[in-house]
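Here chain A shows up in two complexes: once beside chain B, once beside chain C.
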Partner chain A sequence: MALDFSIILRFQEALLLGLWMTVKLTLICIVLGCSLGFFIGLARTSRSALLRAVSSVYVEFFRGTPVLVQLFWIFFCLPLILGVELSNLTSGVIALTLYMGAITSETFRASLKSIGPEQLDACVALGLPRRVQVTNVILPQAVLRAVPTLLSNCVSLFKESALVSAVGMADLMFVGQNISNNTARPIEVLTVVALIYFLIAFPLTRAVTLVERRVLTKLAI
Partner chain B sequence: MGYSFDFQSVSFGPLWEGLMVTLELTVAANIIGVVLGFPLALLIMSRFAPVRLPAMLFVEFFRCTPAIVQIVWFFYCVPMLFNVFLGSMTMGILALGLNLMAFNAEAYRAAIQAVPREQLDAGIALGLNPLQRTLYIVLPTAVRASIPVLLTNGIGIFQQTALVAIVAVQDLMYQAKTLATETYRPIETFTLVALVYFAVSFPVSQVVGYLERRRQLMMS
Partner chain C sequence: MTMSFSAPLVKIQSLHKSYGPHIQVLKGLDIEMKPGERVVVIGPSGGGKSTLLRVMMGLEKIDSGSIRFGGKPYISSESADKKTEIDTEVRRSIGMVFQHYTLFPHLSVIQNLILAPCKVRGEAKASATKRAQALLERFGLGAKANAYPAQLSGGQKQRVAIARALMLDPKLMLFDEVTSALDPELVAEVEQVILQLAAQDMPMMIVTHDMWFAKNIASRVIFCAGGVVVEDGPPEQVLGAPKEERTKDFIDRVFHIRH
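Coming up: the complex of A and B.
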């Protein structure tokens, strides 16, 4: 069969709209998810047993179930439980933010843990107050160490965002599938969709490696 | 809220069958991924660019595109491109297996690079040829070092199997979708199914955590 990639050009605008939805969704959920993840990461190392238990259950549950199931649950069950209609975008944002919060909390937790006890000892020896210990010693290092993993979490989120097509949100994947079904040209359309995802995710993963190296030299470890 | 729960109308038969399909997909994809991931890792570390570049492209492509795109692509395009028509189960296993292969190859590569240089030098000193060095020195050390990541990837693919529901393979997620629509009981069905996925993933992730802690203790 003859492949005809020029067909893509006819649907350029639709694909770009879909891509914009994917990017928008990803960016919103990166901001919300990272903030949520930071607090959950702190909650998991908190002294309060209740806070630890609640945050652990949340994180383990979201890491232990498929994102697709989470999405379906939030799209079909949450409106029933809350008794309100949620727009597609709201549901998508809620689902992916909760997912992102769970994975980034692990990143923050690991980076908090990686700060050696000798640093705290040094703080004590220098007589630094607790607030200065946290804001000037622990936090900058923890965030710096978390950056490469956070970046790769963002790439994961970008890829997982394609799942919202399964619940009918008009993202890049959804638009691509629609075009491919209507034109009966899945090879051209789906390949181009895959390439678009690749062209965004691949440079990002390279950036992760670069940033990782720079962070490592900066921390001199 | 005025919702009354009714778990009675959720029939377990189809869900059980779905779970079996999901587990079958997981095990088969893991066999492909664990076995073929290692040679793929050797290819991406090859010194010859014509070998290394295609292998790297393969790995990066699977790692940098959404799994759902890969699965839909596989189901629609492979039969048209290669004129082969396989059962949907076989297609699902192949798509997931290739995906896992790429991720496992990265895990093996990291582990292979962590094999201490001295061990290879010792192998050369003992007069082992490259194949023997790979089989007797690199393989056992690297495989042992990569077990936690392989397990994590394996459980990842268990969760990714839910995606085949979109291309109508009758796995756990597919049965859940059907059941939720038939019985108008989405909350009960999807909660139950989420718990089933969780009940399988969670113990494995605990084992991974245990293995990693033990490894850290051994290293320190």
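Coming up: the complex of A and C.
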């Protein structure tokens, strides 16, 4: 069978719409997931045993189960429990945000832990109030240290987002599968879909290296 | 702070400190320091020197005893619940420099210097920056104001740390083995800065293993071992002709041949 990539041009618009859905979903879940992850990271290092226990159960559960299972559970089971209909997008956002929250909370927890006690000694020796210690010394360092791993987490999320096609969300993967089924040209269509994912994910992984080299080396943190 | 000339700047009484139930580091320390004195604390590792400085900076809780500063109660643990009471206002008149610089790596040199004055005292950024720049010039670091700590040598980092502590106009400076982590060729530049401060009568307490420096800067030397003061006197006595056998042993080992 001769390969004919020109058929892709006929479905350009549909693929772009699918890509837009993938990018939109990823960006929404990055913002919501990172915010959730930051607070869960704090909760896991909290003095309150209850907060630590609840956040640990959440993180371990979402890290220990397949994203596809989580997605199916939220798509099929959550509406039954809550008694409300959830749109594909809402289910996708909830599932991927909870997944992103769990993995980024570990990133934030590790970066908070990596700030040595001597930094706090210096804060005390300078008489800095607790609020200043947190906002001007601990937080900025924790966020900067977390950046490379957070970027990797974002790349993972972007790739994992393809799973939402399994619950019928019209993302890039879903559109690609449909075109492939309708044209009986899986090689051309799925190769192009893979290339589109790669062209977005690859610069992001390069950005991780760049940030590590430029920012973190300059600050040595 | 007002105080009569003869009143001690620091009065440490019966200071006890332990880490856990088995490791007692300070076993009843009594030290009086007069204004303008430069006290060098020497002694074997684990003898309680660094702990003493950390306690004085309010970084460690104590088991019992008290410290008065400038005639005011500063740290005590004499109540029934054994809680360490620290007067944070008094603490602000003490500055400390650590062995490992402890600069804030995400802030530039000038930002490191002005953070505390702006946030603690509410000083305007422009005025703090002006003072910081002047201090950096004085320590030969004028060109490094916008550099980040990672771009500095160990000696430069330590000089920045000293400048940062001085920005709060401390009445007493504590130096905890500030040259121990430095390459030998960088030690002198840091010691010169401390000698410069000494020439301006800045009261200081220094923990060091560098006996040459101790001899040059001290107005008084305290030999601390096993959590107590073993010998306390002028440098010529403690470093040159110690009276106590334990001091003599230590000095002999450090100098090899006593001079």
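Definition applied: the second predicted complex is superposed on the first by the 220 of 221 C-alpha atoms of A that agree within 3 Å, B and C clash if a C-alpha of one lies under 4 Å from a C-alpha of the other, contacts with A are read in each partner's own complex, and residues count from 1 in each chain.
Simple rule for what comes next: contacts are C-beta pairs under 8 Å (C-beta built on N, C-alpha and C of every residue); 3 or more make two chains touch, one makes a residue touch a chain.
What you are looking at is a predicted structure, and each value in this text was computed from that prediction instead of being measured.
When both complexes are overlaid on chain A, the residue A:67 reaches chain B alone and has no touch with chain C. Between chain B and chain C, B contacts the larger number of chain A residues.
Judged by the touch definition given at the top, the superposed model places A:128 against chain C, while chain B stays out of reach.
Once the two complexes are overlaid on the shared chain, A:119 sits against chain C while remaining clear of chain B.
Once the two complexes are overlaid on the shared chain, A:97 sits clear of chain B and of chain C alike. Once chain A of one complex is fitted onto chain A of the other, the partner contacts of A:149 are absent, as it touches neither chain B nor chain C.
When the shared chain is aligned, chain B comes close enough to touch A:166, but chain C does not. Shared-chain residue A:136: touches chain C; no touch with chain B.
By the document's definition of touching, neither partner reaches A:111: not chain B, not chain C. Once both structures are placed on chain A, no chain A residue is touched by chain B and, in the other complex, by chain C. The touching residues of chain A, counted against chain B in their complex, run 1, 60-61, 63-70, 72-73, 76-77, 80-83, 155, 159-163, 165-166, 173, 176-177, 180, 186-187, 190-191, 193-194, 197-198, 201-202, 205.
Residues 118-119, 121-122, 124-129, 132, 136-137, 140-141, 144, 217-221 of chain A are the ones that touch chain C when the two sit in their complex. Of all residues in chain B, those touching chain A in their complex are 1-3, 60-61, 63-70, 72-73, 76-77, 80-81, 159-163, 165-166, 173, 176-177, 180, 186-187, 190-191, 193-194, 197-198, 201-202, 205. Residues 54, 57-59, 88, 91-92, 95-96, 98, 100, 102-106, 115-116, 119-120, 148-151, 164-165, 168 of chain C are the ones that touch chain A when the two sit in their complex.
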